[in-house]
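Working notes, structure below.
For reference, chains read A, B and C in written order, and residue numbers begin at 1 within each chain.
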Amino acid sequence: MSASRRPNQLFRNLTAKIAAIPMILTASVVFVGGTAWTAIYSFTDSGLLPRGEFVGLKQYDRLWASNKWLISIENLFIYGVCTLVLSLVIGFVLAALLDQRIRFENTFRTIFLYPFALSFIVTGLVWQWLLNPQFGIQHVVRSMGWESFTFDPLYNPEIVIYGILIAGVWQGTGLVMCLMLAGLRGIDEDIWKAARIDGIPMWKTYLFIVIPMMRPVFITALVIIATGIVRVYDLVVAQTGGGPGIASEVPAKYVYDAMFLSQNLGQGFAASTMMLLAVIIVIVPWAYLEYGGKKRHV
Amino acid sequence: MANVSVKDLDLNFGEIKVLQNLNIDVGEGEFLVLLGSSGCGKSTLLNCIAGLLDISDGQIFIGDRNVTWEQPKDRGIGMVFQSYALYPQMTVEGNLAFGLKNARMSKDEIKKRIARAAEFLQIEPLLGRKPAQLSGGQRQRVAIGRALVRDVDVFLFDEPLSNLDAKLRAELRVEIKRLHQQLENTTMIYVTHDQIEAMTLADRIAIMRGGSIQQLAAPNTIYNKPVNKYVAGFIGSPSINFIDGEVRFNSDPVFVAGDTKIDVARYEFTGNGPKPGPVTFGIRPEHIFLERGGEDEPFTAEVEVDVVEPMGADTLVWSHMGGNELRFRVDGQTSLSKGDRVTIGFDPARASIFDAETELRL
Amino acid sequence: MSSTGAINIAGVSADASAEDLVGPRGARPRRALSRRNIMLYGTLFVIAVYYILPLYVMIVTSLKGMPEIRLGNIFAPPVEITFEPWVKAWSSACTGLNCEGLSRGFWNSVRITIPSIVLSIAIASVNGYALANWRFKGANLFFTILIVGAFIPYQVMLYPLVIILREMGLYGSLTGLVLVHAVFGMPILTLLFRNYFTSVPEELFKAARVDGAGFWGIYFKIMLPMSLPIFVVAMIIQVTGIWNDFLFGVVYTRPEYYPMTVQLNNIVNSVQGVKEYNVNMAATIITGLVPLIVYFASGKLFVRGIAAGAVKG
């Protein structure tokens, strides 16, 4: 090992750079390149194949004039708001219940989390069966004597999105619970002791001390849930196929249908660009608060 | 009326006995320090007194009132924690007020108490800040303030200075002592693993090990007359020298280790006086002196210097005697070096002798 | 809390009569059936039923014959247990004209999942290692893009990847789909490995450098052997993620290569023929079985995978 043979800076980094080529390609070609490509081609009149004829905002005009898209957006909004609220509330309550030094904590946690291991397809099909008016919950309640009981969300265009919501919350709350439980366990034991010495009731301690301390956990959970909501696709495909009619369409499905079923690539590009925009609206303020804010303190 | 009594206290977690048969009486206005290494049960005992842990057996009295089943808030105590445990989303003022508001105290009274505590602790300029904007020392002052506004007779401290750096620790230590002097009738129970804190603050120290109390006495007694080998070794820095040997009788009792013979006739043996048999002889490094020709100590010996550690104010010298290591302190300016032969001397009456088997003081 | 207070008073008087002036002693009396416990366990039990019910109904339905399903109650246990629906779901359920059952989808999924896991973990662990220990200029930029990319809806990148795969001649093949999984698994796995390798004491890495080990030497001889748990966590994330995927399967493969989820959906939601709910449920369980087994077998590690996904940066 003579000094002259010592590899110089450039050569030493070369191995690492070569090893990182897949990452560099993925980041630059697929993530940046692909996103930019889609955004650019959303201004063309691509049909069966992508074509380079720019038509300005025409695709977006058509998109926002489409009834199917408007229903998709409305559904996504209802589904999104309800999922956010329900999973945060239920997830936190479950975590708080599990945090009471209860017996069988592991059993309960295992039960609450297992749906998260299942695919949306499986989730959607199970709930399709449970909500089947002919055989499912409605049938069971009616056969117990309550003849007028009606619970058929998957066959009622007015409330079909809530039927999907039930399945989505069932599948996803376990994750939120796990995040919240980790957050609760991370809180200094002494805070609880101090609150007990001060004579603060448990619910007040949670509300005024613990939840404010868990702000970062809530934000992380919110971002994870929100990005999941925008992507929701398989669940709808399995549970309703977008029906009845187009009552349970969602944007991700609109994109797929436009691109691969109706040979209308331009619409698909425009719709997916709108989805990207929605995510940016969620992510940018969060990234600014989390990372921009931190830098200012340091 | 703020004496604290712990009677026959046991605490078990399932099969594990964490605290066993503890009895402590703390007088009104007394400053008691619970001292021990980590895992000895000192913090656990404090949590039991506070009511944060349910005890398995025994009783706890605060101010002659049986509080064994009382909730922490009803015990008339304030508590200060190692991690400060301030409510991070509230201002300092909010932290001080939260417990009081919750007890439905009038706004005027809350204001009065906060003003008094803030003045006392000199945290008035900090009242509008959040804990994250405070230094460690300031945070701990606020934490003390939170106990102060509760206007209680008993303060419990759970390693309050352990998260601070050495300089701040020394400053706040004095402040806690001052606090205790000013709040005349307030009883304080203070948990620490730092023997300097214990020695400087305590009226009495309880040394704990393995869930039981080894010795409960004034700091001086613990330092000079430790009841067993563990306490002797735990207190004092640099720690005490132990020399293994045996006690023999000619006419007077003599401690023998190898070639070394130490006359222990003037040593105050406990109980029935000296018995022959194997013992451990303990002598503190600061009780050993370099002989300067005068030879005025009752026992002298010539030893060889192995290692010299100058520490500024004084110098620690490592040597050996009777097959055991022997450390002693000399003046910081002495110019000893390895291999030097020096004559040292000490008074065996200041030593501690322990039974080799039971490790109890003889 | 308030209920224990009430019991205290009763306890004091009862004790006081027995042992005068001594008062309460030992632990606070607690009733196993306090109001708090009833509320707590009651709530947990009800919610647990909501969570278990679908799994239960799935299993019960799959073991019944069609006549029993038409007459009975979906919650009732089967009167006569039959495994025929399982056999049919596995070997002869139809999607359109194809009546091979789920088995083909299962084997497709296996052929997709295993190489995808190996490839994505190999790439991501090397990435994470390079990012944690061999920081080179621009590395953080690409890493940031990767993490931001994890939040971008897949739909945006769907078609560009179709073009890329078509140019490579891999569109519609299993290899193409494996590549896609490696690409989209990269953000979370790279983050996982980077965070793990960052937590390894740097002294260890430096000591190895001093001893003359290079990039690959340190990776294979030091990092790899000491990070097996994190590889298991990565595997759990990937097995469940890839097995459960639907979108990429349906976009990037031809029907003969469709993974199990796609085939399951096609079987159950096929509009032709009489609906055989028992076969559908059997097929659904079979599809969910692999991730469920991974979940129940992995226990705490599964949770750790979730936590890893949640801790950003």
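Please note the rule applied: contacts are C-beta pairs under 8 Å (C-beta built on N, C-alpha and C of every residue); 3 or more make two chains touch, one makes a residue touch a chain.
Keep in mind that this is a model prediction, so the values were computed, not measured.
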Selected interface, A-B versus B-C, where C-beta contact pairs are more numerous: A-B
Maximum centroid distance from chain A, chain identifier (CA atoms): B
Computed distance of Cα centres, chain C from chain A, in Å: 15
Geometric centre distance via CA averages, chain C-chain B, whole Å: 52
Whole-Å gap between the CA centroids of chain A and chain B: 55
Shared interface positions of chain A, touching two or more other chains: 201
In chain B, residues with contacts to at least two other chains: 71
Numbers and ranges of chain C residues touching at least 2 other chains: 1
Residues of chain B defined as touching chain A within the complex: 47, 50-52, 71-74, 77-79, 81-89, 98-99, 102-103, 146, 150, 158
Residue ranges of chain B in contact with chain C within the complex: 54-59, 66, 68-71
Touching residues on chain C, where the partner in the complex is chain A: 1, 40-41, 43-44, 47-48, 50-55, 57-58, 61, 69-70, 73-75, 123, 126-127, 129-131, 134, 136-137, 139, 142-143, 145-146, 148-149, 151-161, 163-164, 182-183, 186, 190, 212, 214-216, 240, 243-247, 250-251, 261, 264-265, 268-269, 277, 280-281, 284, 287-288, 291-292, 294-296, 299, 302-303, 306-307, 309-313
In the complex with chain C, residue positions of chain A that touch it: 1, 13, 15-17, 19-20, 22-24, 26-35, 37-39, 41, 50, 94, 97-98, 100, 102, 106, 108-122, 125-130, 132, 135-137, 139-140, 143, 170, 174-175, 178-179, 182, 201-202, 220-221, 223-224, 227, 230-231, 233-234, 237-238, 241, 251-252, 255-256, 259-260, 265, 268-269, 271-273, 275-276, 279, 283, 290-291
Chain A residues touching chain B - in the complex, by the definition given at the top: 188, 190-191, 193-201, 204, 208-209, 212-213
